[in-house]
Amino acid sequence: MEPGTLSTFLKRGAIWGFIVVELLFFSIAGEYLSLSNKAFMDLDNMLLLFKQSAPIGIIAIGMTIIMVNGNIDLSVGATFALSAIVLLNSMTWPVFAGLGDGVIPIAWALALVTGILLGALNGLIVWKTGVDAFIVTLGSMLGYRGLVFMYNGEQPTSHLNWTLVDFAEAQFMGLHTATWFLLVVTAVIWFVMNRTVHGRNAYAIGDNRTAAINAGIRVGPHMMINFMIIGFLASLSAVVFYSESGSVNPNDGELYELWVITAVVLGGTKLTGGAGSVLSTLGGVLAIQLLRKGLGHIGADTETVNLVIGLILIAVLFLDRQLNLKGREALRI
Amino acid sequence: ESMKIGITQNNVGVDSYQTTYEKAFIAASDANSNVEAVVLDAGGDVARQIAQMEDLIQQEVDAIIIWPTNGEAVIPAVRKAHKAGIPVIVTNSNIAEQGFDFVKSFSGPDNITQGSRSAEIMCDKFKDMGIENEAKIVQISGQPGYTTAIERAKGFEDRLPEVCPNVTLVETQPGDWNREKSQKVMEAFLVKYDDIDGVYSGDDNMGVGALNAAKAAGREGIIFVGATNFSVGYEAMERGEYWGSIYQSPVDDAEAALKTAIDVLSGTEVPFLNYFDTPKITQDNMAEYSKPVF
Amino acid sequence: MRPFNLSGIGGFLAKQGILVAFALFIIGFTIANERFLAPDNIMGVVRSSAILGVMALGVTFVVISGNLDLSVGSMMSFATIVVLDLHDQIGPALAIPSMYAMVLCLGAFIGFLVGYLKLNSLIVTLGMLSAIHGLTLTYSGGKNMDIADKEGTWFSMFGQSDALGIPIPILLFALVASVLGIVLAKTPFGRKVYAVGGNGTAATFSGIQRARVVFTCYLMSAFCVATAGLIQASRSLGSQNTVGQGLELEVLAAVILGGASLLGGSGTIFKTVIGVLILGFIQNGLLLVGLQFYVQYVVTWIIIILAVWLDVAAKRGKLWSPIA
Amino acid sequence: MSSQTPALRLEGIVKTFPGVRALDNVSFDVMPGEVHALMGENGAGKSTLMKVLGGIYQPDEGRIVVNEQPVVMTSPLQAKSKGIMFIHQELSLAEELSVAENIYLGELPKKSFGRVDWQKLYSETNEILGRLKVGFDAKTKVGDLSIANQQMVEIARALTVEAKAVIFDEPTASLTDAEKVVLFDVIGDLKTHGVGIIYISHRMEEIFRITDRISVLRDGQYRGTLETPETDEEEVTQLMIGRKLDLSRNVSHHELGDVALEVRGLECGKLFHNVSFSVCRGEVVGFYGLVGAGRTEIAETLFGLRDPTAGQILLDGQETTIHSPADAIEKGISLVPEDRKGQGLVLGMNCRDNMTLPQVNDLKAGPFVAEGAEIAIFDQYRDRLDIRTPGWKQLVGNLSGGNQQKIVIGKWLSMHPNILIVDEPTRGIDVGSKSEIHNLIRELASQGYAVIVISSEMPEVLHVSDRIIAMFNGEIIRTFTSDEVTEDNLIQAISGIIPEKVA
């Protein structure tokens, strides 16, 4: 084997290896610690794993593009909440009163458009002002959250539509609706990133922005499209989740950005851009949800959950660094 | 044979009421050899709570106790348990009415009554002071969207004009069950209003935050009334700084929830709204109550 | 091809965008509510900004050195809970230094990871945000921490007393700001912080030990967090475990508003203080005018974007970005 | 050929950067099927001229004419669409992407729904790679290739479209001989297809081997065009540097002191090996070689920035280990790094602070930095090096390139080192200042400093050095005294031709 191949393999496969370790650990530990007669790796439980990964997962897939592109988006949690409000509230608007359940697709569309617009606004500011995406979206994280609160004060926005709930809770070929959305999003974005010119250009821009510019790639529009995609996905995530739950608190989605970034980084996407894979992000998302589920399964308490998740994040970063160390002859700067 | 009872709590660690509740719940279930408990915490995140409901259903527990993060958002998840034939007991803070069909019982305080009692405590005190016709008050409510918060505010706001029609409630802001946030809110109230005679807070943790703000600003003579008498509230009452509250114990709360679940499982009849009593406590009668442990 | 002309009044305004925005706010709010400029109100704003402010001072060092610190909020909760607990266990005189020592250890750990191991600071401090929260909950058992004897402790002086008619939190903020301001502006260490953040490679080529500088910045940040925790604890003599939650982003916003670049190498303590005060006054002013706190979010968003945009535009000499 | 219309023409191009007039009224044309060399010293403006042509820079004045049609090149993409391909001097690749994606960067073949046509991409790429006779295929990740192969990927870009003109900016700088042969075949091939080629290189033998005409730039000005068959190296050099190479100028010989630095069998991984040399006080030793020859890496190792894998370093006869730049500074070594923006300066810091950065720990009044002492140091070197700046408060980033370079030099001179290493000391510096710096280097040596000068400019090395060490591919090929060195034997040495064979 060529030198480096093993570490490349480890790097690429690390997240799936980690998932296997988790599955083994929780299955074995579960035998002793869990009350449940059901095994951790029970089929239903694994199906739930996917479903429960959907809210964070759908956004994380979008964050992968953004980070591959060399940017970051901290405003996704607020976009998630605002889209949820539009979804639930628009169903009660008098204009749509006569439509019955026909209002559902309209509400969905309005919510998704909200996400796209918020993403576009971020993208446009990043593109036109040249202010770093971190700052732009740190700002809009506050600003969009402000809009969320302005919509309905500090009160939750609710509308329970049972048709919608039934749809969201349905299982098709064993998989839950949310799972289908997660899988389809993963597939589509995988396709976009790996098969389309836009996706390949996004990699090139994140990898070497100057080279991309020299090669005539229009960096600005690509970045803007990616921000629109993540806006869309943040609202899609909201649409899927709130169709089922029917009520949104104004601070819902807070800290989502952090979990999303965590999942993406766990999946091996570089913070500096240019490298990353949608499938590994899915791995990262599953790994986190497994960790939560598993810790619950074996009865770990709140404090342990926080501690373990934080330290694992750092440990993965450390591992990544060790796998990427250059030889002795490297410049020490 | 033993019963497996799962609980998903709202947000353990956010304040000591919730932490004490968790400890008490575990202690009570440990004490009962017929009960095995799975204790989960949603960390305030509704998505996580729904996932925990699903996990409990999947693990085929015999009953589920839920302390909702959002009284409406969890209804479909509760329905799911109902459909799976698992009885659901809501604890501490009720879910919205639409979901009543899917739960066996609500176990907790009667928060509307709590709110009215707080209004009465405040009004009586104003009458003692002779300011019942001019007093101006502000309200710091609990976490928005939380049924407990909404009900306490409603109980208070409905009852106050009945007993003290001339007292004006000038403004309400949420304090999110958070002492530091209420302190900030109160600071702003103090700047905004020269004349504040009373403060009603959704719980004492917030009330003490407001009290701290008033003390720091040197504003004296304000009547503080809260709910859920925390130990900090009790101490402030001992010092004569805080007038009154509602005595509500997380231990009672937890034990009542567990008992309700056990009753439901063993076929004992339980009322749908299974309230435990939460009496008034003021500086006048506080000697009758022991200091809260939380 | 020369940078666009920044001389003259317009240029001055562009350069001092922050101060101008600040002045406009003050004028606007004063018109809207005459109480705004009342000495009591000003004192109140500064006092309640002190906690955020002290934290922002430390983060300024971290940001100038080219890194981030998202862990300050949860570290502040930790500091508050620990010092309150130890107060009753071993008395305030020992509690304070012990708390500082523990918080400095956390700072050293982060400094080691970011400085010596060169791990990405965003992710490291994000991880620590969660881990320290877990640590705090473990420490306190999740309970609120309250001092038993609230009347009889001198510990309350850091948050509640006055000296020379000025609240101690303000004095502490001013003291730490002056000391750190001088360290940053006048000492070799401060110079190195700018160099490391401005161009880490060039700093290394100049014989500066970059890892050590970054490490020290995190220690300073931890020191400031400990001080903020001290004020917080002393002010309310009791606390929830989540007292500092979310402060990390407010702190960062204040530092950026003050004009420090996230890329490192620029910013000053004075400007951070201005950034802190702007946030404090916006919050207070909007409340006085009767607007909700969340309007402040929107306003802060707009101000941050405009301020940073102005800054990068002045640097590149063009308003709009050259990206095609 | 003269009856034909040029493939493209540049007329009266002017391009300025803050503080530099990089191109001053330059005109230039290329005929179809012609290889036209563009020559000039470092910083003469060759790359800038090509970037103007390639749509990367907008000229301040002048126009570009393609096929007798004036065009405005607004972007690289537009240049491409006009049939102008640009192979950059610096590698411009996305390392995480495949060879194919890099070659077709910015114009991946499309199918419906914006899909990449991979089949087409790979087959076309592999066809091009076949013509280039390289040992890797379309799917290889560029980051896994050697620098030379990465350069071949750059070159492959020239073959992706039916180009009218292809610009090669120093394409051979890091190619081995075998690859060069392939490259020249490719150029010949393009030529027969009527493509106009602009070829930039500092290597005379290549110029005379493959070009038809030679145009020369000097300090941003057009100096003239020569027909390659009718001229010789001397004439070209004369045109390039404005005078004949005067090898005898370095006459100010002075007494050499003790050996200050000695290096024995030094090695650092694959970067360089078996490097042995010594420098005496009062001596200037020049290091000459091509990019990648390993000179900079030797300097970095001496400055504590790299761990040597073998060999010894002796300072004043004492064997020593240098752990870090801080340690090197302590031991009296100064390094003026080759990349002033990346390594030498903190651009957002003022002039004074940059200059005193390495000694800021020592310039103290109590706990504070002694600003007075700093200003004194700055003033001294500003006068000595004639640094043009409104004052010490000016940010270094606002200075012209040459003045920036002088700040870096001043920064290290003010440390009063025993050993001064300067790497490409006059990059981007105008002719006047250049000779100032050369004089300064000589003067420092005469004061007893041991000086190492690394430079890619032959005249510079010839001018300042007492001895010249020629490097090729990480090895010292030969050491010349100033008496034995000639342009020819130096060029041969840095191309890896062992002296015995030519002797």
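To keep things simple, chains are lettered A, B, C and D as they appear, and every chain counts its residues starting from 1.
Assume a contact is a pair of C-beta atoms (placed from the backbone, for glycine too) under 8 Å apart; a residue touches a chain by one contact, two chains touch by 3 or more.
By chain, with names taken from UniProt: A = Autoinducer 2 import system permease protein LsrD; C = Ribose transport system permease protein RbsC; D = Ribose import ATP-binding protein RbsA.
Quantities reported herein were computed from a predicted structural model and do not represent experimental measurements.
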- Out of curiosity, which chains are bumping into both chain C and chain D? A
- Query: Considering A-C alongside B-C, which chain pair is linked by more C-beta pairs in contact?
  - Reply: A-C
- Message: Based on mean C-alpha positions, I'd like to know which chain lies farthest from chain D.
- Response: B
- Could you grab the centroid distance between chain A and chain B? Build each centroid from C-alpha atoms only and quote it in angstrom. 34
- State, to the nearest whole Å, the distance from the C-alpha centre of chain A to the C-alpha centre of chain C. 29
- Report, in whole Å, the distance between the mean C-alpha point of chain B and the mean C-alpha point of chain D. 73
- Query: Which residues belonging to chain D are in contact with no fewer than two other chains?
  - Reply: 75, 305, 324
- Query: On chain B, where are the residues touching two or more other chains?
  - Reply: 12-13
- Query: Taking each residue of chain A in turn, which ones touch at least two of the other chains?
  - Reply: 153, 213, 218, 302-303, 305, 332-333
- Interchain contacts (touch definition) - all pairs: A-B, A-C, A-D, B-C, C-D
- Message: Using the touch definition from the top, list the residues of chain D that touch chain A in their complex.
- Response: 54, 56, 75-80, 86, 88, 92-97, 101, 105-108, 110, 113-116, 118, 268-271, 300, 304-307, 309, 324
- So in the complex, which bits of chain D are touching chain C? 16-18, 60, 75, 303, 305, 324-326, 328-329, 335, 337, 342-349, 353, 357-358, 360-361, 363-364, 367-369, 398, 411
- Interface residues, chain C side, partner chain D - complex: 1-3, 182, 186-188, 191-192, 194-195, 198-199, 201-209, 265-266, 324
- Query: Which bits of chain C are touching chain B when the two form their complex?
  - Reply: 35, 40-41, 44, 47-48, 137, 141-144, 146, 150-151, 160, 232, 235-236, 238-243, 284, 287-288, 290
- Item | In the complex, chain A residues that touch chain B | 34-38, 42, 44-45, 48, 51-52, 55, 153-156, 158, 160, 165, 168-169, 241, 244-250, 252, 289, 292-293, 296-297, 299, 301-303, 305
